[in-house]
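Contents: one structure, followed by commentary.
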């Protein structure tokens, strides 16, 4: 069936980033999308901590401890980058100036509701960071996640069970098995790996529609480091 | 008399009292005023409310204030420790010994900006329909639902910057800036911890926070 | 393809339509995008709403848009001419031919900031108990009365700056900045008129408005 | 009786500006206070257009057309000055970061109400600018004005007749005849020129109380240019 590995999912998501977009990549897996952008696109990567124009990771010997992204990674700046304070950074996010954000998620509902933070991790305090701002206010919210949980339970659902991050915000979901759009008619599969439609539906907690031009989901080989 | 806001680390927190609401800068690994945090712990005021992005961050000493039981409440966007063992915040929170107000990060910074900008409350779409805004006033403008959020003001801001001058103008190193401007603006007393104080006034292009907002500067 | 926002003065206003809400920068004699204002007059869209600090300013060409009868409404903080004769705005206003919304200046800039920052409305103490807030919602927070003010957004911002780079980053000369950042942020299309466009990306320290907010730049 | 001329009024107001204060001087007469500050005080002059640290007027041959204050005067910057955008400038004003503002006025009421703008000038459009923000939000609002109008009508009143700028905001009024504090008990005269109390009261539209240490109001000779 050749499900995608998690870096292949980020690769697939990265292919949809269009030229000249302003993009915020969520902490964790989404941030790796920047490694797989199509070579012809020129985009501005924004990070919630105020960096407008994130460049590649810094070489360890050239890193400045204060030049970091929202995920505390030591980064470089692209030419023409600037750094604003937190209130400007979130004014930019909340004001609709981010064209696309790509976020990790636990669950996505057929109406676009997103659950990607959780207050209920045992023995751990909650953590929300900037996820709610990005989910509620980016012009387009795309999600990267495994199609099912470790226990095999679906993550694409009629209704989220976990606490919501934002309502009706997700437009597209990239999983290891499929690329699924969230539409007024619910989930529409645009691409899927070589499994049967029934099998994909069985792993999904809400009805799937299949696009008339539904394609095979493929990605180049990318090794996932340990 | 020429304005001169330089003080020693000893004097930096003079006047801070029990029950104070304290802003602490820092996010993403940059901009933690760790010398001032430790000076605050040593001074030992009780029943503090901390307004800080993370209750626990690898590079911040905020957790020391919590471990010393000086803190009654934390207003933050992240309350998760990074070690296998629960953090000082998490153990106290789970035991019901410390209060937590979780705020989405953009709402967090905008509420603080509002506090410094004379705005008592504003509406935001962020958090609508989620647990974090339960009980808050919801209002529709146009086709969308918004939540009313109130300003946060405080007694003390601990701000990390790179360079100051004697009039309190601040320049930040890269992403050190984060919450510095809004937190300084919303506090009755803003104290900046800097790498160095310039004898000459900072050039206009370098000033990222006017000294009007800064009461004391400490070179560390 | 590398981002390149440079356009000619001819192309700068492509797509502007009748009925547009247009922000125009400038205050205190600095920061008027006069080449763009004249290009707008020549293009001639009708029924414009202008959002501009002064309906008439000695150094601005805003009055030409009004004299050409392109303007249905002005939202401003100052509507007084400076000559003995009434200004084009004043003659039309007294004749009931143009609508006026007077706004205190801080509320003016904050409403525009809100428009660019995703805040639909906020409360301010300014204007409470005055004619300018008559009919607006009043609400008490703590011991003081506040007025609710709604965001202003627009279709087009004409912004004067000093230097741009190809990605639209802007640097302003002294007090040229005034309404540039907020107006650019609140408009669907932000066009900057600059003295020069740098071939090299602007250095971080010089960038006062990130190019994210600027759609087109014109060197004049 | 030696009433003060208008520059002497600004001189008197300037004497009350304390060391290290952040001060906004209104357009028109108040801005001249900066010429008469006591030599030992170091203050930060803020202008609504975003200049933090206004210096003296620029020499004509050294003026930059973009280096102006809110009154369009070509200025210099004091060392350590900075310039912020309009939203920061008014956030500073509205947020209570201006210690003192000195404004011109038409009328002041005994409860501190201020009227210093007017929509009703014949054949002229209205003009409010930043006056409402300064009046409502500076920590202390002081006023400079002639004690009576050109027609001899009082400007210190029980209640303002003209449209208000802000309610209950003025703490002190400097006129050509007196320095008057606005207190919970109404107008209290702190200083007055050599006229009788009855005469001052006759020129005032609300009851005056006289401070027990009420002093003679004097100022050095200052010529008013034509």
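A, B, C and D are the chain letters, set down in written order, and residue numbers restart from 1 in every chain.
Definition applied: a contact is a pair of C-beta atoms (placed from the backbone, for glycine too) under 8 Å apart; a residue touches a chain by one contact, two chains touch by 3 or more.
Owing to the predicted nature of the structure, the values given are computational and were not obtained by experimental measurement.
Student: Based on which chains touch which, give the shortest step count from chain A to chain C.
Tutor: The fewest touching-chain steps linking chain A to chain C number 1.
Student: If you tally contacting C-beta pairs, which pair wins, B-D or A-B?
Tutor: The comparison resolves to A-B.
Student: Please report how many Å separate the Cα centroid of chain A from that of chain D, as a whole number.
Tutor: Distance between chain centres, rounded to whole Å: 56 Å.
Student: What whole-Å value do you get for the distance between chain B and chain D if each is reduced to the mean of its CA atoms?
Tutor: Result: the chain centres lie 35 Å from each other.
Student: Distance from the CA centroid of chain B to that of chain C, rounded to the nearest Å?
Tutor: The separation of the two C-alpha centroids amounts to 33 Å.
Student: Hey, how far is the Cα centre of chain A from the one of chain B, in Å?
Tutor: Measuring from centre to centre gives 29 Å for this pair.
Student: List, in ascending order, every residue of chain B touching at least 2 other chains.
Tutor: Each of 110, 113, 117-119, 124-125 in chain B touches at least two other chains.
Student: Quick check on chain D: which residues sit in contact with 2+ other chains?
Tutor: Touching at least two other chains: 83-84, 90-91, 93-94, 137.
Student: Considering only which chains touch which, how would you classify the arrangement: line, ring, star, complete or other?
Tutor: Graph shape, chains as nodes and touching pairs as edges: none of the named types, so other.
Student: I'd like to see which chains touch which, written out pair by pair.
Tutor: Pairwise, the chains that meet the contact rule are A-B, A-C, B-C, B-D, C-D.
Student: Which stretch or stretches of chain A touch chain B in the complex?
Tutor: 47-51, 64-72, 74, 83-87, 89-91, 93-94, 113, 119, 121, 123-133, 136-137, 163-167
Student: If we count contacts the way the header does, which residues on chain B are in touch with chain C in the complex?
Tutor: Residue positions touching the partner: 110, 114, 117-125, 139, 141-142, 144, 146, 150, 205-206.
Student: Give every residue of chain C touching chain A within the complex, in rising order.
Tutor: Its residues touching chain A are 1-3, 113, 115-119, 165-167, 169, 185-186, 200-202, 204, 207, 210-213.
Student: What part of chain C is in contact with chain D in the complex they form?
Tutor: Residues in contact with chain D: 27-31, 55-56, 58-59, 77-81, 86-87, 89-90, 93-94, 100, 102-107, 109-110, 112-113, 124-132, 162, 172-182, 208.
Student: In the complex of these two chains, what residues of chain D are touching chain B?
Tutor: Against chain B, the touching part of chain D is residues 19-20, 22, 40-42, 44, 46, 52-53, 77, 79-84, 90-97, 137.
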